[in-house]
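Order of writing sets the labels: A, B, C, D and E. Residues in every chain begin at 1.
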Amino acid sequence: MSALISAFVFWAAATALNGWIARSYPSARWAKLFVPALFGATLLILWEGLVRGLNVSPVILPAPSAIAARFAESTEVLWGDFAQTILKGALAGYVIGCGAAVLVAIAIDRSPFLKRGLLPVGNFVAALPIVGIAPILVMWFGFDWQSKAAVVVMMVFFPVLVNMVAGLAATDQLQRDLMATYSASYRQTLAKLRLPAAMPFLFNGLKIATTLALIGAIVAEFFGSPTRGMGFRISTAVGQLDMPLVWSEIAVAALAGSGFFGLMALIEKAVTFWHPSQRRR
Amino acid sequence: EEVKLQLKWVTQSQFAGYYVAKEKGFYDEEGLDVMIMPGGPDISPTQVMAGGGADVTVDWMPSALAAREKGLPLVNIAQPFKSSGMMLTCLKETGITGPEDFKGKTLGVWFGGNEYPFLSWMATLGIPTDGSEGGVTVLKQGFNVDPLLQKQAACISTMTYNEYWQVIDAGLAPEDLVTFKYEDEGVATLEDGLYVLESNLADPAFKEKMVKFVRASMKGWKYAEENPDEAAGIVLDNDESGAQTEAHQKRMMGEIAKLTAGSNGALDPADYERTVKILLGGGSDPVISAVPTGAYTLDITDEALK
Amino acid sequence: MPVIEAKDLNLTFQTSDGPVHALKDVNLAIEKGEFVSFIGPSGCGKTTFLRCIAALETPTGGSLTVNGMSPDDARRARSYGYVFQAAGLYPWRTIAGNIKLPLEIMGYSRAEMDQRVEKVLNLVDLGGFGKKFPWQLSGGMQQRASIARALAFDAEILLMDEPFGALDEIVRDKLNEELLKLWKRTGKTIGFVTHSIPEAVYLSTKIVVMSPRPGRITDIIDSTLPRDERPLEIRDSAEFLAIAHRVREGLRAGHAYDE
Amino acid sequence: MPVIEAKDLNLTFQTSDGPVHALKDVNLAIEKGEFVSFIGPSGCGKTTFLRCIAALETPTGGSLTVNGMSPDDARRARSYGYVFQAAGLYPWRTIAGNIKLPLEIMGYSRAEMDQRVEKVLNLVDLGGFGKKFPWQLSGGMQQRASIARALAFDAEILLMDEPFGALDEIVRDKLNEELLKLWKRTGKTIGFVTHSIPEAVYLSTKIVVMSPRPGRITDIIDSTLPRDERPLEIRDSAEFLAIAHRVREGLRAGHAYDE
Amino acid sequence: MKSVLPILTVLAAIVVIWYGAAVGLNSKWTYDQAARAGQEVSFSQLLRDAMTQERPVLPAPHQVAKGLWEGVAGQKITSKRSLVYHGGVTFSATMAGFVLGAVAGILLAVGIVHNRAMDMSVMPWAIASQTIPILAIAPMVIVVLASLGIKGLLPKAIIAAYLSFFPILVGMVKGLRAPDGMQLDLLRTYNASGPETFWKLRLPSSMPYFFASLKVGIAAALVGTIVAELPAGATQGLGARLLSGSYYGQTIQIWAALFAAAVLAAVLVIAVGAVEKVVLRKMGMAR
């Protein structure tokens, strides 16, 4: 019980400290790292305290310390799984899926006929739930990473498509009229007006897609895989009740996902520096 | 009195005994109100037990023993299944005639605790499974038989009562197939036993309840063995997903009856010893590292079968 | 043959609370090389008329030809340079990048582009601001950048919608002179919207006075000022003042009609 | 005590290609009830100075007080009505809705709101356009709507950044007169940016001439024109012309310095 | 209604490609079977067989249509074999999850935009939360919630909400920050409070982002529900249908359930789109 209480006290103190730092040093570089780190640390300590204080069975939820220990001793396994699932499956699928979505969005945007025809049908096809498609794609593309990439393609396609279509429509009248007076060709208007104007929306989609890609690649492995990969490890470790290993894999996924998201956010900042949401702070 | 039973898999004839006992009023006769919760590939019965979501669960002994070693003390209180229904089913056209032909082939295996009999089998055969030279390629097989039909694997894991018949239903003839039963290969482990938490057994009232439960369940099993078609019908009525077909369930019940036939519900310690031995020999990464103690009790069945 | 010829031009906008008659029976012929100013109260349809010429708006009645073709064909032939009433710079491009935009589209060589950008930036007094982004410039500077953008390439017809509205008198005078020079040098046909009567009189060969609701042309004044020599001092001449007076009367009439 | 007092005010913008010194050593005191015009070449810092007063920009040096408080405190006290250089109407609100915006925020009653919207719409000659959306209006009409928005509520200090830039002479004259009437009636303190020398002279009690790069005040002219009676004809008086001349000279000097 | 012809055209194209693919993918089995029986197959036999297999790799459109029809119209809607029944179960959990997720996403976005500490600390962890594979933890969530006595619709809705809040959060943060400097400055001069700025400026200008992310969010909620239906006992709902179909290799049942789910998703997305149209028109933004 005392573990529980001290965890809560720590949590309250850390939250107060965070609020104070954020208010006092709003733009300090160290604060930008320290605040989220402290926030995360509070969550972990709260977790540790809860697990210990409430005597939660390690079979249901292991303590962060146990997870950290397991993590440290299985780095080799974790790295192999990371390479299989993320470097091969997720990344390949992400690139193909986002690329395809952008191209389809452009095609759709260009042709009102396609827009009316493809968008609803595209919505429909892309809304097929992964749990349904994953077994089918595993059947089609085999057990290795190719089928995982295919699942990722299906998962990231829709969010990127929706955002890109909205983005391509986000130009204002004056900006379009300008292009009309130059009698700019379709391609020129696309390259010089519509694509730049669509970027803030596109990055919205790309950022959401990063986490979806990871989920897709991992989940697809539940439906058949070679004997490596994060999803494989998670499902087998659950069977062995090796929860610390499960959570180590989840931690890898979280780290990779945050890194991936952060990378996209950085690129976004560089590409859409002109957008008010980036400019104002 | 309320009893929550967590199954290992979805509603099917594999669990006919419990459904029959419920529908036929055997539980009522004991004064029990039994709630049967179906499982699935995403449900780990041991976790449900750990979370206090069920009083008793149907599980395979390898996974129950693994849980025990990981700190969740499950105890076998009854063993309605005498023999194992697990086997490896291969396409004849791949040229496999015996286990020595496995080398260089791709084999589909169920993971999640079901891989240990397979791994110890391979270990006794001296065939590496880590992808090294002269070994086999192991695939984590999904929930259906597609890898065999699509020829993505030379052999896949099947149950005598389920997946094997799906292969046959798909249009392959038994002559096209070669099967290796774990039972015949001497690597069979105990399946579908009833497990409870050790701590609960300390409570005499709980023990009493389990005695009633096992007694009624076995009554259900024996009824199901004698009336397979009726039992399959009962299972079908209890399937909320509406996915099962009558023909398949009837056939499954027939096969299940063969596995339960030799058991009156009591665990045969010899079977237990054999299972432990196989699991301890499971190659480089055995499922259990030491001989478990107190992993089963005969108290409940002794009482129930009096 | 006139470069621009409108016959009984009408345009009605359909809005959710009823139609707005923005242009009514507009008749106008503009010869090649003319400098035509449009003046009239706010909301009388000046912008709308310019947009019709540039094929950005489709008239709902009457006919409009540019070089004997439809405005849209003329647009396709890249006949227009257009300075919009708002600057409308692309926020993701620097000032130089914005001026380069039409040049890129029309396929100028890189060297030519750089040289032209340099030239027009200096023309509008923005030398040294090429690398800034639009939001880093003051309102007037943005407007000048948009003028530079329209002057950077060689369009036969230049349409300018209140280009000098946000500029002070002195810059304005300077740019007026520059514009006249450019016009004389290139022989462009220019359509020019302004609210300043002296500016209209100083620049134009023809002044079109419009009145609102519905937008009509109430007076077309052919300037009697000399075409090729117009020093700034001409604005004190009696002739100039006479024309200005006539424009003012026309304007006032439009307003009176309005009330 | 002056309402607005700037002492050695400095403001430097940090941009990716070096700092821009937008305001340099600005000293100015504005008394309550004054009408101060700011005039100067484009990019000289007029907008920036107005923004400093309204606490929209933070000076990097010197001091600035409004009613003896910091500009930000004055802002919190809702002392300002601000007409921006661009109309900046919210596209999802109708014209009436846009004008209602500040009234809603300041908690006027519904009846009061409707009555005020009606009144200011008529004042800027937009009666009947309340239900239109901004993009259905001409440029000048949008600007008038934004003026109406700032006049709808009772701010002690009115800051107007080229409010009449897009309006024709006649409307402009009318609005100038209206503005003077309003000023006399309410006794507001007004800061007014314009590019028109006659407008500055006609309206102001004090004219501030600025020059660019870096933005400084080069001349402060206290008007000798009568404060409470200014018919439009006053613009032909010798006194008026003398002041206008001095402003023009100041402006020209700024431009010269620039080159 | 202008869209009927384009949609039909696209659908027709898809059906044609689909039939082609079905023949291509299913023919292997036909050949194998013939080879095992030592027979030759003619092309017409092949075509016929490829479209009538009981467990095809890719069922032909008419097979799926038949499966759908039987699932929807061939049963009483209260029957366990009715897709309408299962669809209804999934729908209610999806809606509950979507509402929870949207509220959570919007509230977090509002917090992030208005509170510096939240801005700095929440986003990285919201991102991390999304990289946790739900299928892995869904069973644990269900177990934990069940041990707390929470059962039925709510656990599913929580998992659906978990998946749907994120796209809404990301989109709303962007949208709420979309107003430009002048629009914000205007309200500053009025000394508008935070809530006023939110209601009168940030929220209206976030609408295009808002609806784009709602569409993604509602589709994600459906996926979450279906995922949650697996460990929830694999009994009711389209997810259970999908999975039990796949246990028994009944491709036609899988595809019928898949289509039912996609129809549901499409209906939900279209419904959001309809609301969007109405709202944007009211706001004068749809032109």
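To be clear about the criterion, a contact is a pair of C-beta atoms (placed from the backbone, for glycine too) under 8 Å apart; a residue touches a chain by one contact, two chains touch by 3 or more.
Everything numeric in this text was worked out from a predicted model, so none of it was measured.
Asks: Need the graph distance between chain C and chain E over the touch network, please.
Replies: The fewest steps needed to get from chain C to chain E is 2.
Asks: So which chain is the furthest away from chain C, centre to centre on CA atoms?
Replies: Taking each chain's C-alpha mean as its centre, the farthest from chain C is B.
Asks: Which of the chain pairs holds the record for C-beta pairs in contact?
Replies: A-E
Asks: Between chain C and chain D, tell me the centre distance in angstrom, where each centre is the average of that chain's C-alpha atoms.
Replies: Roughly 27 Å separates the two chain centres.
Asks: Roughly how far is chain B from chain E, going centre to centre by Cα mean, in whole Å?
Replies: 34
Asks: Approximately how many whole Å separate the CA-defined centres of chain B and chain D?
Replies: 84
Asks: What's the distance between the Cα centroids of chain A and chain C, rounded to whole Å?
Replies: The computed centroid separation for chain A versus chain C comes out at 50 Å.
Asks: Can you list every residue of chain A that touches 2 or more other chains, as numbers and ranges?
Replies: Expected reply: 60, 135, 139, 222, 235, 238, 275, 279.
Asks: What are the residues of chain C that contact at least two other chains?
Replies: Residues 86, 135 of chain C touch two or more partner chains.
Asks: Give me the residue numbers in chain B that touch at least two other chains, ranges are fine.
Replies: 41-42, 44, 47, 50-51, 142-144, 146, 150
Asks: Any two chains that touch count here, so list every such pair.
Replies: Pairs satisfying the touch definition: A-B, A-C, A-E, B-E, C-D, D-E.
Asks: Please give the residue numbers of chain E that touch chain D in the complex, ascending.
Replies: 182-183, 185-192, 196, 200-201, 204-205, 207, 283-285, 287
Asks: For a test of understanding, state which residues of chain A touch chain E in their complex under the given definition.
Replies: Residue list for chain A touching chain E: 18-19, 21-23, 26, 31-32, 35-36, 38-40, 43, 60-61, 113-118, 120-121, 123-133, 135-136, 139-140, 158-159, 162-163, 166, 170, 200-201, 204-205, 207-208, 211-212, 214-215, 218-219, 222, 230-231, 234-235, 238, 246, 249-250, 253-258, 261-262, 275-277, 279-280.
Asks: Any idea which chain D residues touch chain C in the complex?
Replies: 13, 15, 17, 20, 39-43, 46-48, 85-86, 131-132, 136-141, 143-144, 161-162, 165-172, 195-197, 248, 251-252, 255
Asks: How about chain B: which of its residues touch chain E in the complex?
Replies: Going through chain B, the ones touching chain E are 10-11, 37-44, 47-48, 50-53, 93, 142-146, 149-150, 166, 169-173, 176, 239-245, 248.
Asks: For the complex, which residues does chain A have touching chain C?
Replies: That would be residues 174-175, 177-185, 188, 192-193, 196-197, 199, 272-275, 279 of chain A.
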